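To keep things simple, chains are lettered A, B, C and D as they appear, and every chain counts its residues starting from 1.
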Amino acid sequence: MVGEGILKGLAETARNFFGSYVSKDRLTTVQYPEQREPQIEATRDFPFLVYDGADWQQGMRCVACQICEKECPPKCIFIEKSKDKKPDAFGKMQIYPATFNIDISVCMSCQICVEVCPFDAIKMDVEYHQSSDDRFGALLLNKQRLSKSNEYYNAIHPTEASAVDAQRAEELAKLEAKAKAAAEVKAAAEAKAAADANPALNASPQQPAGDPQ
Amino acid sequence: MTHLALMTQHLDQIFVLTSHWLLSYLPIALQPLCSAILSVAAIIIAFATLFALTTLLERKGLGRMQNRYGPNRVGPCGLFQPLADGVKSLTKEDIVPIRADRAVHFMAPVLLVAASFMGYAVLPIGRNMVMVDMNAGVLFFFAIGSLMELAVFMAGWSSRSKYSLLGAMRAIAQMISYEVPLVLASVVVLMQAGSLSTVAIVNMQATYSGIWPHWFVFTPWGFAGFALFMIAATAESNRSPFDLPEGESEIIAGYYTEYSGFKFALFFLGEYIGMFATSGMAITLFLGGWSAPFSFLTWIPSYFWFFAKLLTIISVFIWIRGTLPRLRMDQLMNLAWQFMLPMTLLNLLTTGIWHFMLPGFLRWIVCSTMVIVPCILLGSGLKYKKKFQIRTYHFSQ
Amino acid sequence: MNLEAIKSEVEANVPGCRLELIANPSPSCQHSLLLDAEHASAVALYLRDTPNLRFDFCSNITGIDWPGKEVSQKIKVRKLVDGVEQEVEETRITTIPGSLEVVYHLYSVEKKHGPIVLRMRTKDRDAGVHLPSFTPIWRSAELQEREIFDLFGVLFDGHPDLRRLLMWDEFQDYPMRRDYVDPDDYEYEPTAHDEVLQRAQQHLSQANPAQLSEGEEAR
Amino acid sequence: MSTATLAAASLNLEPANESGMDQLLEIAMGPQHPSTHGVFRMNVVLDGERVVRLKPVFGYLHRNHEKIAENETYLGSMPYTDRLDYMCPLTNNWAYALAVEKLAGIQVPERAEYLRVITGELTRLQNHTCLIGFLMQDMGASGTPLMYAFRQREIILDLFEALTGARMMCNYMRFGGCRVDLPAGWLDQAKKVVADFPRFLDEYERLLVSNEILMDRTQDVGVLSKELAISAGISGPMARASGVDYDIRKVDHYSIYDRFNFRVPLGSHGDVYDRFMVRVLEMRESVSILQQALRDIPEGPIVDPKTKIRGFRPKPGEAYGRIEGPKGELGFYLVSDGSPNPYRYRVRPPSLINLTILEDLCLGRNVADIVVILGSIDIVMGEVDR
């Protein structure tokens, strides 16, 4: 009979019409500014730089190795190395980026920079309110705007961040153990040297010159 | 009891009485003119409001059918959305193609709106609520209705755009083809009513046996006539699934491709007003105009019933639009000339037989058969010719 | 399916054709046959129509640009140096002429085997860039050969409609060639800071100011 | 350059006043047109509304993907493949990864293969539902089927986001496996989505399959013969609708498709309705594959430990790898010269090659049929123009 399929279709749309008033499955719209979808943990958009502690300049993990700059497919990262060095989280003296810019009008959120970073310094953000009326200035993120704390990283990607933290803590512990062992060895050697030399001359042990920056 | 009856009567006639009261302050010589102006203003305001409401209803209804909210940001429940749309279309740039015929390009939407409003002159919106009780009302309505074709063609031709031209050609072919079944489907009512006056036709239907009204749709020929009329009316008002003249996915927007801003909005208005007018005519001819569906509901004002019926028909239009894809031009023509036309002619014959047979059960059976059997035959004939079917598929391995 | 067998079969059945087996050292082991241009159509037809081969599905056609290379080799030459014949090392520069290569990947829908990889090479990269078109044999070559013509500049003889596919008709160069340089009037999209912005500015400053204002007006 | 000269140059039309040609109307459908799926353009010559000639014009979205890839590392091209056919990024990733794995001889761990199959088939589901929605939109349905399709697609995209971090530009596959492992709860969520999917398909079929107008519009429209389909390199659901029994999942035995029990639907008419129905039936088969894969997925590593992310240099050689993408045979052809960048990188775009026969299908039909036929071919301009 002609019209049967049409009637079936009409029944289907009618079902959806009424269904949208009763069923949450049918009416899936989220009323955006008032309601928000729950954040999916893996979500990513643009990269940011992680720093430890409270001071973003002091705690910046990035050591300006420029691997991400090289590997970035659309070449949106611009790094200039610093002339001086600062100690990193492990106490080692490292170069830090004098400039670190990401042009997010070019960035395509592929997160290859995150994958290649050996220092866990660059991670993906979830901040999507990036619209601006300044095409160049506002979309070129500088070091300061890129820096976000480790706590923030823990808040947006808890699973990933806790794994990173655990790994870093382990590394730190290893380093500390090593340093301790080295210190012990050194102390023993010094003690031996002191015992060998004249005890009167060795009253004040030498201090390392210059404060760590 | 009589008090209550008087009150309902007054409520029913409130617009008529107000108009009379207002006019009584004017000198006699001015009264006919002012009466006309008053009614025109009333109709324009009422139907323009209905248009605004319908655009909202359509968007919300379609939205719900598609599992979304529809407009809900401007005002409570999106009620002011039509207002926002109006402001938007007024503030948009009015672009006229450089090689277009500017005068005709401007006149087309104006003519369309004017023509679509003129049909309301003969539509009885409520008891005693008709602008002109013309004794050739139905004829006048269809004559004015064909003006819309002119407007559409003017729009398509003057734009000097290929898509507009294609759209206009489609529109002309479609509107002329469907005018024939539209008029023929309404002839059955004229045969039965014996009058071309819309007021007389409604008055004939506004009587009751028991609680049931004497609407023409409750007869076999009336039902068939109504169905045919509505299909033709859908096509006349370019509604889905017959929206080929403006088939968006094919020819951008058809004849109004080159219109923007307020002229575009006028086209929109004209289309909807035209749709209300043809739906109003269907109500007048088949659904008893302003009469209540049951005799015990006559206390509700007559104009309420008219608008209730109109909104119901509009909802069905929206429902169909939300469901069906568009026909192709040749299929549309096939439907008009191979199905609609024979059916309307047969319906004329059925009405004649109905008229001359004695009232009773036999008359019902004979006339129903005369309508249903050809409908099925013609339908399956169309189906057979096209050989379309639900197919079965095989799988490899 | 053995490429050697196919090669000898084709050579036996298509008189005069010269096929060369090009080995592929990668783990994919997709070795290929190099056709000569004169007999390519005959070979292709044979591959398509022979019942046991039936390579009726030409899946992928693409070009590769091999620019001419200068290879410097150190060779030992016997030479008279100061009247004494000595063995002297000398660098000799040999120029390997460049060519454009077209690669075809054929499969068989009927027999469900494949792929067989065919290649053809042009004589050089400038004038002798003619190759026979396979469009009459496999319709799927139509757009792909147009693309190769567009991007590499290989002229396919016998193609029914050899126009540029992706670039516009007035475009001059062949972008996929290795020695292609971006034209100066390229519409540089200014980005915040890299050389693109500089190039854009440079281009705009070089452009005739009168032309520039005209362009602005036209826009 | 102006569009007018482009039109004239590409069409080579005789002057319009020559005998027989004065009745013809030449219109440019696209690049701005509601139903050319992006910036596709067809120069159509019409006699009334009948198509006399149709020439597709490409290149409005051309960005020379292949040249870009030649200047990128192998890994650096991976995010660009997402942008080819942006409706199905994961299958693009997969095809590219497969080609590189062939080139470098990398083995993929079992769990990664399962992940690839799961994401690939989910991609197929969402591609086909959306395609049918778009097709109906081209046919003039006011968005209803499209909205249902998108409602369902969103659910699948949520899965993608939870797994890969992005809804469309996933950048998920790596050479020798996948980038990240499943997050907690993902499998259950996926199982639920897959279990609910047939209900949606039922709804979709009730709405569309027996609709008379749809049948009238699609049956015997755009008939593609089996011979032409094979010769023109048509692949994927479009070829199968013409009765070509060729599914690369069955033919090439790539990945682990041999382990799954699924059927390949074939059409017998080769018209638009068959293409539509083959896709509907394929979705049911994909659901069945997904159910099996989600049930059987083993534990284990997800990436080949021997493959480096940085400094990846395959040995000189070449490889062609292809998969059965949702749109057809998606192949990548790579030539390596031993450097970190591919010497030649070629995409075999199913969308483009399926367009070869567009004019053949449209000749003699009318304007309304063009958009329906184009819709049934299933193109994405990102892939056509690359």
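Definition applied: a contact is a pair of C-beta atoms (placed from the backbone, for glycine too) under 8 Å apart; a residue touches a chain by one contact, two chains touch by 3 or more.
Just so it is clear, the model here is predicted, and its values are computed rather than measured.
Colleague: If I average the C-alpha coordinates per chain and also across every protein chain shown, which chain's average lies closest to the global one?
Modeller: The most central chain here turns out to be D.
Colleague: Count the C-beta pairs in contact for A-D and for C-D, then report the pair with the higher count.
Modeller: Contact tally favours C-D.
Colleague: Round to the nearest whole Å and give the separation of the Cα centres of subunit A and subunit D.
Modeller: From the centre of subunit A to the centre of subunit D is 35 Å.
Colleague: If you average the CA atoms of subunit A and of subunit B, how many Å lie between those two points?
Modeller: Here the centre of subunit B sits 63 Å away from the centre of subunit A.
Colleague: Would you mind pulling out the distance in Å between where the CA atoms of subunit C average out and where those of subunit D do?
Modeller: Averaging C-alpha atoms per chain gives centres 26 Å apart.
Colleague: Among the residues of subunit B, which ones contact at least 2 other chains?
Modeller: Residues 65-68, 322-324, 383 of subunit B touch two or more partner chains.
Colleague: Enumerate the residues of subunit C that touch no fewer than two other chains.
Modeller: Where subunit C is concerned, no single residue meets two or more other chains.
Colleague: What residues in subunit D touch two or more of the other chains?
Modeller: Residues 144, 148, 151, 207, 209-215, 245.
Colleague: Within their complex, state which residues of subunit D touch subunit A.
Modeller: 72-73, 75-80, 83, 144, 148, 151, 154, 158, 161-166, 169, 171, 179-180, 183-184, 203, 206-215, 309-310
Colleague: In the complex of these two chains, what residues of subunit B are touching subunit A?
Modeller: 61, 64-69, 72, 319-320, 322-324, 376, 379-380, 382-383
Colleague: Can you list the residues on subunit A that touch subunit B in the complex?
Modeller: Those in contact with subunit B are residues 1-3, 6, 9-10, 12-14, 16-17, 19-21, 26-29, 31.
Colleague: Any idea which subunit B residues touch subunit D in the complex?
Modeller: Counting only subunit B, the residues touching subunit D are 62, 65-68, 162-163, 165-166, 170, 240-241, 243-244, 247-252, 321-331, 383, 386-391, 393-397.
Colleague: Applying the document's contact rule, which stretches of subunit D touch subunit C when the two form their complex?
Modeller: 1, 6, 9-10, 58-59, 62, 64, 66-67, 102-105, 228, 230-235, 244-246, 251, 314-322, 329, 331, 333, 335-336, 343-344, 346, 348, 352-353, 355-357, 385-386
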